[in-house]
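What follows are several structures.
Paired with chain B in one complex and with chain C in the other, chain A is shared by the two complexes that follow.
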Partner chain A sequence: MDGFGGTTLRIDLATGNIRKTATDPALAREWMGARGFVSKILYDEVPRDADPLGPDNRFIVAPGVLTGSFSPVGSKIGFGCISPATNGHADSSMGGHLGPELKYAGYDLIVFKNIAPEPQYLYIDDDTVELRPAGHYWGMGSLDLEKRMKDDLGKDFQIATIGPSGENGIVFSCITHDFGRQAGRCGVGAVMGSKKIKAIAVRGSKGLKARDLPSLTKLTYDIIQRTKTHPNMAPWQKYGTAYFVGWSNERGCFPTRNFQQTYFEDWKGIDGEKLVEECLISDKACFGCWINCGKYSKAKVPGKPDKYVEGPEYETIALIGGSCAFKSIHEVAYANNLLDNVGMDTMSGGSTVAFAMECYQRGIITKDDLEGHELRWGNIDDFEHVIDMIVHRRGIGDALAHGTKGAAEKIGKGTIHFASQAKGMEFSGYDTRWYPAQLLSYCTCDIGAHHSKSWAITADIELGRDTIEGKAAVVIYLQHLRPLFDTWSCCRLFWGEIDVSPEEHVDAINYLTGWDATLEECFKMSEKIWNQNRCHYIERNGGPGRKFDIAPGRHLTEPVPDGPAEGKLVGSENFEKMLDDYYANRGWDVEGNPTREILELLGIGYAADNLEKVGFLGKPIEGGVPAVRGRKLKPMAM
Partner chain B sequence: MIIYLRSGGKLKDRLKPDVDQYTRRIEVEGDKPLRDILNEVGVPDSLVAFAFINGKLERLEYRPVDGDVITLQPPVSGG
Partner chain C sequence: MKIKVTKEKCTGCKLCQQICTITHYNEINPKKAAIGIEAQFPEPGYFLPKVCVQCGKCEEACPVDAIHHEGDAYVIHKDECTNCGICVEACPFGVIFTHADLPTPIICDFCMKCTEVCNTGAIVVED
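Showing the complex of A and B:
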């Protein structure tokens, strides 16, 4: 099968049985890999009452159709499971080199089930696939272990690891690879840890067969030549994502002190300019990439050992830097390294500490809860201590290990009001009180609040931040377009930043595989995945769907207190109107339940049958399903 | 004085390049910040993250000098 490795691995961790089968060409053509594979397998195989950290959950490793191709840039790999944070579909991806290596070893999909009796790691060296003991690695930090395994196995192995956080089931644990690339969101690291899989080590030498190599090569060559002279290439290379801090702050959407404010007065100390001036060692690239937007940096914090880290990226700076109120990029980089090594998502991890800091500010958490320590804004010692309490689940750390929603439910005292999350996953690094489309994006997202599935900040600016008019349709369009890159498993930034079009990605897929895919068909597939994930969520959690599309209290009732967005608030009434508009535009009923008509139109009538069985199939909507769901808009900046 | 503004993507549509596919030549009257110049030529300053001049980041308060070639960098999120 051109463009694919050809083999699927099914691994039963209870018995140690490893079964190799040919990758199903029909599955590949219909779902295209990564997020698509994850959605289908989770929907078909995981019992609806399965505990996310129990044996019946699946842990899925899946590159996508473009993984391993140079065009334009297939560096990514997806990880999937039922999320312990949201109790719904989870897919989280990372760049680096693991995905291409896995396909070059011949594998398109790995599905783990059950739980290993002892810690193990998966060893793949082309045709050799083994579960090997990992008791001697258990307890090690993610970054430390990757280095150790490179020493033990060879530097040409690509390695993904979890840290103590994943071992201990913290719901925002990540998977780390390439000393700083993470599948960060949804708690995929916690599920990997629950299976007692400490690491995956891969070496592949088989390469990948393309159906039409000359055309694929020419397409890639032309894109490289064109983008090398693109004006936005050089600034992107130099500053990566971190430059975005100043802009976000000036726009009044930079999370500050756990989203109490949206403008950070000390932003210049943690901006990308400061990162490049004071911390940068070298640029760093994922597989096949000529942009090198990764920043390999050194953190120097007085009284602490120097630390090396990839980043910090914008999201980390926002949710550790602004949200925990650190004034120095060195402190943010130090905290970034700390979370990378314990194996926590810096976004949800940063947000959870910020939430705890606000609890401390309000006297809800005290020194008695913190083993005698304080938890002050911008204090790196306090930050480090509470992270240690979370990782090892000591005292209040055990509550915080559940993320902001879970912690708020345990702590009580009205703290859910300032838990900035949707469906149990923390907001990305953008406040939404002046950004209605982004608020809607977070609260309707199929994996919980995450910008990568719909980043609508610039759409809000372009269409007007003080209006909700037309926002729902644009959000739907973005929710179909942006996740396509996760399904194809290639970097979105070529599209967002330097004008590589989605159509060119589809051309690359066809040259690679010999398929006759169209962009229109890919959009329909993306919409199918979105609807399937929605049905799965309702089947697992009960309905109606609307009851889960909830915005946090602060974001509906507290006007921004100061800064450029002072006084701004979307408000409950507007939010509910946007939800009505969103459901109608999706072909769902007013309760947020997908209808049989839309599900059959998308080719997943089986999901309608299942929704009907649990009593939450959407009622037919007046006028039927819209012929086009979503409104095409490429904002001026992405 | 004459300056040159450059950008790709949809910002380019507002910029209306006239020198090459990315570049517009602008005649600027007086000494003023880049933010004002952008608004005068119809490029929303709210959608420009920073300016890139001679290999260095500049904010929109930067006051251009004759002959400057200024790349307008849009915000972007989530690779």
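Showing the complex of A and C:
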């Protein structure tokens, strides 16, 4: 099968049985990989009452159609499971080199079920696939273990690891690879840890065959030459995502002190300029990437050992730097390394500490809860201590290990008001009080509040930040387009930042595979995945769907106190209107339940049957499902 | 012609290796590339591109006289080569490579395709 490795691995961790089968061409054609594979397998196989950290959950490793190909840019690999943070579909991707290596070894999909009796790691060297003991690695930090395994196995292995956070089931644990690339969100590292899989090590030498390699090569070669001089190329190459720190502050959407403010007065100490000036060692790219947004850095914090880290990226700077109020880029980089090594998502991890810092500010958490320590804004020692309490689930750390929503439910005292999350996953690094489309994006997102599925900040700017008109349709468009990159398993920056069109991506797919895919068909697939995940969420959690599309209290009721967005607030009334508009545009009923008509239109009538069984099939919409769902807009996109 | 390397500019993206194997083997497979990238992580945190400098040690070492300098590069002649691996061992820069599927070692023929896709200037043509 051109463009694919050709083999699927099914691994039963209870018995140690590893089954190799040919990758199903129909599955590949219909779902295209990564997020698509994850959605389908989770929907079909995971019992609706399965504990996300129990044996019946699946842990899925899935590159996608473009992974490993000469294209813009097939660097990614997806990880999937039912999320312990949201109790719904989870897909989280990472760049680096693991995905291409796995396909070069011949594998398109790995599905783990059950739980290993002892810690193990998956070893793949072309045709050799083994579960190997990992007791001697258990407890090690993610970065430390990657170095150790490269020493043990060979530097040409690509390795993904979890840290103690994943071992201990912290719901925002990540998977780390290439000394700084993470599948960060949804708690995929916790599920990997629950299966007792400490690492995945892969070496592949078989390469990838393309159906029409000359055309694929010409397409990508020409795109490379064309985009070398794109005006966004130089700043992206120089600063990476950290370039946006100043941009976000100037536009009043930079999370500051746990989203109490949206402008950080000390942002110039933690922005891209400062990162490059003081910390940068080298530029580091994912496989096949000519933007090289990765910045490999060294953190020097007085009184602490120097630390190497890839980053900090924008999201880390926002949610550790701004949200925990660190004034120095070195402190942010140090904290970045700390979370990478314990195996925590810097976004949810940073946000959860920021949430705890606000609890401390308000006297809700005290020194008595913190083993005698304080938890002050911008204090790296306090930060480090509370992370240690979370990783090892000591005292208040055990509550915080559930993320901000879970912690707020345990701590009480109205703290849910300032837990900036949706469906149990923390907001990305953008405040929404002047950004209604972004608020809607977070609260309707199928994996919880993550910008990868819809980053609408520039759409809000383009359409007007003080209006909600037309926002729902644009959000739907973005929620179909952006997840396509997670399904094709390529980096969306080439579309968003240097104008490589979605059509060119589809051309690459067709040259690679010999398919006759169209962009229109891909959009329909993406909409199908979105609806399937929605149904899955309702089937697992009960309905109606609307009761889960909730905005945090702060983001509905507290006007921004200062900065460029001073006084701004979307407000509850506007939010509810946007939800009405969103559901109507999607062909869902007013309660947020998908209707049979839309599900059958998308080819997943089985999901309508299942929703009907649980009593939450959407009521038919007067006038039927809209013929066009979503409005095209090409705003700049991160 | 030679390839000038500036290691500080290499980002480890492997575009050079991809275009190399597309050009020479009609497949995407960095493991068959005639250019190497050594990742020096976590410390000191650099990539080191490794390219042939045309020192000629391989020609000297070859026991069956299968390697000769022709045109712009050293060439391994398939008919003579026994794939004994002595040239690989003899190369002081570690830039002769092997792959289980190939009948001879892999050596750069200086087609320069790799320099065309490098977007950082880490590898450039040096006349």
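The criterion applied here is as follows: the second predicted complex is superposed on the first by the 635 of 638 C-alpha atoms of A that agree within 3 Å, B and C clash if a C-alpha of one lies under 4 Å from a C-alpha of the other, contacts with A are read in each partner's own complex, and residues count from 1 in each chain.
Just so it is clear, a contact is a pair of C-beta atoms (placed from the backbone, for glycine too) under 8 Å apart; a residue touches a chain by one contact, two chains touch by 3 or more.
Small disclaimer: the values here were computed from a predicted structure and weren't measured.
*Asks:* If chain A is used to align the two complexes, do chain B and chain C fit next to each other or clash?
*Replies:* Here the two partners, once superposed via chain A, fit next to each other without clashing.
*Asks:* Quick one: classify A:I621 as touching chain B (first), chain C (second), both or neither.
*Replies:* In the superposition, A:I621 touches no partner, neither chain B nor chain C.
*Asks:* Scan A:I82 for contacts with chain B and chain C and give back first, second, both or neither.
*Replies:* neither
*Asks:* Report for A:S282: first if it touches chain B alone, second if chain C alone, otherwise both or neither.
*Replies:* The answer is second: A:S282 touches chain C but not chain B.
*Asks:* For A:Y104, select first, second, both or neither according to whether it touches chain B, chain C, the two together, or no partner.
*Replies:* A:Y104 contacts chain C only, not chain B.
*Asks:* For A:A28 in the superposed arrangement: first (chain B), second (chain C), both or neither?
*Replies:* In the superposition, A:A28 contacts neither chain B nor chain C.
*Asks:* Now for A:Y221: first (chain B), second (chain C), both, or neither, which partner does it touch?
*Replies:* Touch partner of A:Y221: chain C, not chain B.
*Asks:* Pick one for A:W455: touches chain B only (first), chain C only (second), both, or neither.
*Replies:* Only chain B; A:W455 stays clear of chain C.
*Asks:* Let me test your reading of the model: by the given contact rule, A:A234 touches which partner, first (chain B), second (chain C), both or neither?
*Replies:* Only chain B; A:A234 stays clear of chain C.
*Asks:* With the superposition applied, I'd like the minimum CA-CA separation between chain B and chain C in Å.
*Replies:* Nearest C-alpha atoms of the two chains are 14 Å apart.
*Asks:* Can you tell me which positions in chain A touch chain B when the two form their complex?
*Replies:* For chain A paired with chain B, touching residues are 95, 230-232, 234-236, 238-239, 241, 243-244, 246-248, 251, 272-273, 293, 314, 428, 451-452, 455, 457-458, 461-462, 482, 491-493, 496-499, 634-638.
*Asks:* Touching chain A in the complex: which residues of chain C?
*Replies:* Contact set of chain C toward chain A: 8-9, 11-15, 18-19, 21-22, 25-32, 38-39, 41-47, 99-101, 116-117, 119-120.
*Asks:* Which chain B residues qualify as touching chain A in the complex?
*Replies:* Contacts found on chain B: 6-11, 13-14, 22-23, 44, 46-50, 52, 55, 57, 59, 71, 73-79.
*Asks:* Within the complex, which stretch of chain A touches chain C?
*Replies:* Listed in rising order, the residues of chain A that touch chain C are 68-70, 97, 100, 104, 143, 146-147, 155, 178-179, 204-210, 213, 217, 221, 224-225, 228, 233, 237, 281-290, 292, 294, 296, 298, 308.
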